[in-house]
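Per-chain residue numbering starts at 1, and chain names A, B, C and D are given in the order in which the chains are listed.
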Amino acid sequence: MPFNIYDFTSFTQWIDKSLYDSLSPLWAMIWEMTIIGVAFLLFYAVIGLFLVYAERKVCAFMQCRIGPNRVGPYGIIQTIADLFKLLMKELIPIKNADKFLFNLAPFIVIITTFLAIAAIPFAKGLHAIDFNIGIFYILAVSSMSVIGVLLAGWSSNNKYSLIGAMRSGAQIVSYELSVGLSLITIIVLAGSMQLSTIVEAQADGWFIFKGHIPAIIAFIIYLIAATAETNRGPFDLAEAESELTAGYHTEYSGIKFAFFYLAEFINMFIVASIAATVFWGGWMPFHIGGWEAFNNIMDYIPPFIWFFGKTFFIIFIIMWFKWTFPRLRIDQLLTLEWKYLLPINLFNVLLMAFIVLMGWHF
Amino acid sequence: MNSIINYFTGLYKGVKSLVIGMKVTGYYFFHPSEIVTQQYPENRIGKNTRTRKKLEMFERCKGEVIMPHNEKNENRCTGCGICEMNCPNGTIEVISKFITTEEGKKKKVLDKHIYHLGMCTFCGLCVKTCPSKALAFSTHFEHAVFNRAKLNKVLNHEGSTLMKGAE
Amino acid sequence: MTEENKNSGLDKEEEYIINIGPQHPSTHGVLRLVVSLKGEIVKSVEPHCGYIHRGIEKMCEKLTYPQIIHLTDRLDYLSAHINNEAVCLCVEKALEIEVPERVKYIRAILSELTRIQSHELWWCSFGMDMGATTCYFYGLRDREKVLDIFEETCGGRMIVSYNTPGGLMNDIHPNFQKRVKEFLKHFRKKLPEYDQLLTGNVIMQERTKNIGIISREDAISYGVTGPSGRGSGFSCDVRKHHPYGIYDKVDFVEPLYKTGDTFSRYKVRMDEMWESMKIIEQLIDNIPEGDYCAKMKPVIKLPEGEYYQRVEAARGELGVYINSRGDKYPYRLKLRSPNLSNLSALNVLASGFKIADLIAIGGSLDYVIPDIDR
Amino acid sequence: MENSQLKERILSLVPEAEIVETKQYLNAIIPKEKLHFLAKSLREAEDTSFDYLFCLTGLDLMDSLEVIYHIESTKYHHCIVLKTSTTDRENPILDSVTDIWHTADYHEREVFDFFGIKFNNHPDMRKLFLDETRIEGFPFRKDYVDEINIVER
């Protein structure tokens, strides 16, 4: 079966085994963690740079512009140049700010993204950790980033920042519900919270096709709520450039600002990859139950291409939202959640449970 | 019941309006031919740009005030000072001198026509009111310099004389 | 808390005061709004102006009438041509000279083009205030075409200085009519796109409907004119009620909305763009032959007396008051700027709504700060 | 209402008013004590209903300081011009019309800013444009001297 060409399980297990054979368990664990940490840091840098570039190009093309085009061919080195600019910028100390919290906030935001990305399977066997409560874990840690945002707003000693942070708090508390419930809909279908199991369960068809109507509704709700969770337009109330100048990160400069900026893009990547994993089969190729020949051809396409293809498609949709819609007002934001998304979502969970009970799913 | 209908029609209309909006941006995303960006300064030579369009200024573009000279280094300025009088900002200074002509008459001619580009508001009154049509606008528009003194220009060329018949 | 805030009664304990401006992305210039908040809700707004006060009225007292024209460009720089026209009309009225028909036609066409480009820029920045950044680029893309027409004929893009007492600086460019027609054809296609992108959008509608309401009586009392006044049902179009130039001969509708909220102000401007296109279409093919400037004396001296001219600028009624002592300089020149009066209603409009609404209301009033400060 | 009728109306309300007819508007020069009364009467009377103050101008006539009110009725579209003046240059005080037309608020502040005319009963008589700490005097008065910023040519 060609499937095994791209099976990383043996590869990762070999590293694991060789480390444990040659070193004491403690040192082996430390080495493993270091390798994974370095790998993720490199991945962060690459994905961050790529997403910033992609966002700028996507928005430019939507706005009849060219976008970055000066540094390197088609401006591909532009984001690297920007990175160096941010690294070299002065870290402006703020008068009367709570220094400790002010400096802590960007790290909290970036560390929560680190925690969340650990559970995501990039290909078969290629994930840092495979919990049996994977989705639950991701939901728990990704909502912690709001603490960083709140701290940033509170400690900056700036009124705009404080308003931005409070908005962000209200927003994430509400939209966390929708994200959770829309994922629960799929958990009902999959019967497991372990991400690897969820992906394996989609081998004969992705959940968005298997669960048909309720899965599609859940996907749309997840997309909206995830956009809100990452504080991106049209839900960028916490930043709200035209109202609060830059919201919670008004006072940040240099690398600390870069952390917030990077965290926004990594968060977007994480939510998109969760959507890809849960609804679109993650690294699982496009399979149709019973069509063996077709499935075999699809298997030749490497799983990480499937994974990143799906993720970037969802990221493109989120960007498309941002560059089309006006920003919501805070009360509209809450109305949307409590009046539309939550009731529909609750009904949707019931519907899914009913469909699963009756066996109407594929 | 009515409110339930309103709830769902509102939902439907809202989603529809959002999709219509996304169609517009989506159209432009997939039609790069609609891009209107002109790449300056590459477009000055018409190379290395997307559209290959050469930057051409309109002939009436008010770039800066110049004094046209012909190939014999002659201009049409008589040094009358009407442009100086008409300038609202004191942009123009006309310095004239008296020379003795061949017939032995004393005559007022232009010595220096000083133009402070940094103060000019491009109202066009000097060009319009000049009785001998000595001034004109050029389409040159790149005035950025590092020193403000460089914006003070002398419009008449070195050693230029009055064109015959310009009076 | 500063001394200043204490005087203005903004020092109550439960209030949270933020300064929006002088440098802020959505004040469209250097305007400072002292906003007192309770949570997200705006309790009161107090505009502080004067950050770019240049004393244009005082400067005019030392300038001759043709020289004044170029300063009026710098009032409301988005309706520069209309401001020029206002002063020219006032001078022509004082001198009792009749400008050639051709001049009237060209002035009207250019005024309407100015109105279109001004409203286009308003639409961009309104979208930007609402958070829809893409609007900005679509609006600017189409505005660029109008600016090209201006540049070809007048020589300037924004700061046109094309009018002069008695007529125009020079005749229209031979390409003028062709280009205007091209633009109209292009813009008739693009304007519905604006509606699809922003007007119909449910978020935008929810954010603007029933927000920032000013009644007709209040609008009149506060002197809110132009599209902002017409959004409240205040029929204040000077072109209709006190026609000048060629406007008594063209057929157009003054869009009026009753509600007086942000959305109706928005709609008035969108409708005005259509109406302006209608006016241009009526005039563009019928520009009569003739001189582009009436015969004027080299030095213009106005007879002693007071003269007042009202025109409809893109943002409302622009008035020019000239008090002449028979000199070549005006004794006093007052410019009644539409934006100052519109701004004075901001507190009434925004109190009780949210910060986001304040920004949207500010966007719908469409103030241009140099016109407020002068 | 025709100009002649308006003239009669003004004279019946304020007999000491001086009416000057120009080509454009009917000008009524009113003593400063009567201005507020006249403005209020013209605003409130049904057949005049001057509800729209479209311009408020300050003017320095060297011997006196004048304020000019251009008012219009949005119902009948007739306009008149009211003028009032004070000879006191040290501490000029006039009556505010803010309670009649709200727009007068900012315009009167502007006049105070540039001419130093104070208005009685104005809700918020502060300078609108100029910075009190930096600019002394009233720049639009004809006798204002500023040797640094005003260059005489």
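Annotations for the structure displayed:
FYI, a contact is a pair of C-beta atoms (placed from the backbone, for glycine too) under 8 Å apart; a residue touches a chain by one contact, two chains touch by 3 or more.
For clarity, every value in this text was computed on a predicted model and none was experimentally measured.
Among the remaining chains, A is positioned farthest from subunit C, on the basis of C-alpha centroids.
Looking at A-B alongside C-D, one finds more C-beta pairs in contact between the chains of C-D.
Mean C-alpha positions place subunit A and subunit B at a centre distance of 50 Å. Separating the centre of subunit A from that of subunit D, both taken as means of CA atoms, is a distance of 64 Å.
For the pair subunit B and subunit C, the distance between C-alpha centroids works out to 24 Å. Residue positions of subunit C touching 2 or more other chains, listed in rising order: 134, 141, 197-198, 201, 203.
Touching two or more other chains at once are residues 18, 21, 24-25, 36 of subunit B. Within subunit D, residues 153 each touch two or more of the remaining chains.
Shown here, the protein chains touch in an arrangement that is not a line, ring, star or fully connected set.
Under the touch rule stated earlier, the contacting chain pairs are A-B, A-C, B-C, C-D.
Contact residues of subunit B toward subunit A in the complex are 11, 18, 21-22, 24-26, 28-29, 32, 34-37, 39, 50. Residues of subunit A that touch subunit B in their complex: 58, 61-66, 69, 320-321, 323-325, 340. Partner subunit B is touched in their complex by these residues of subunit C: 63-64, 66-67, 69-71, 134, 141, 144, 148, 151-156, 159, 161, 164, 169-170, 173, 193, 196-198, 200-203, 205, 298. Touching subunit C in their complex are the following residues of subunit B: 13-15, 17-18, 20-21, 23-25, 36, 58, 60-62, 86, 88, 121-125, 128-129, 137.
On the subunit A side of its complex with subunit C, the touching residues are 59, 62-65, 159-160, 163, 167, 233-234, 236-237, 240-245, 323-332.
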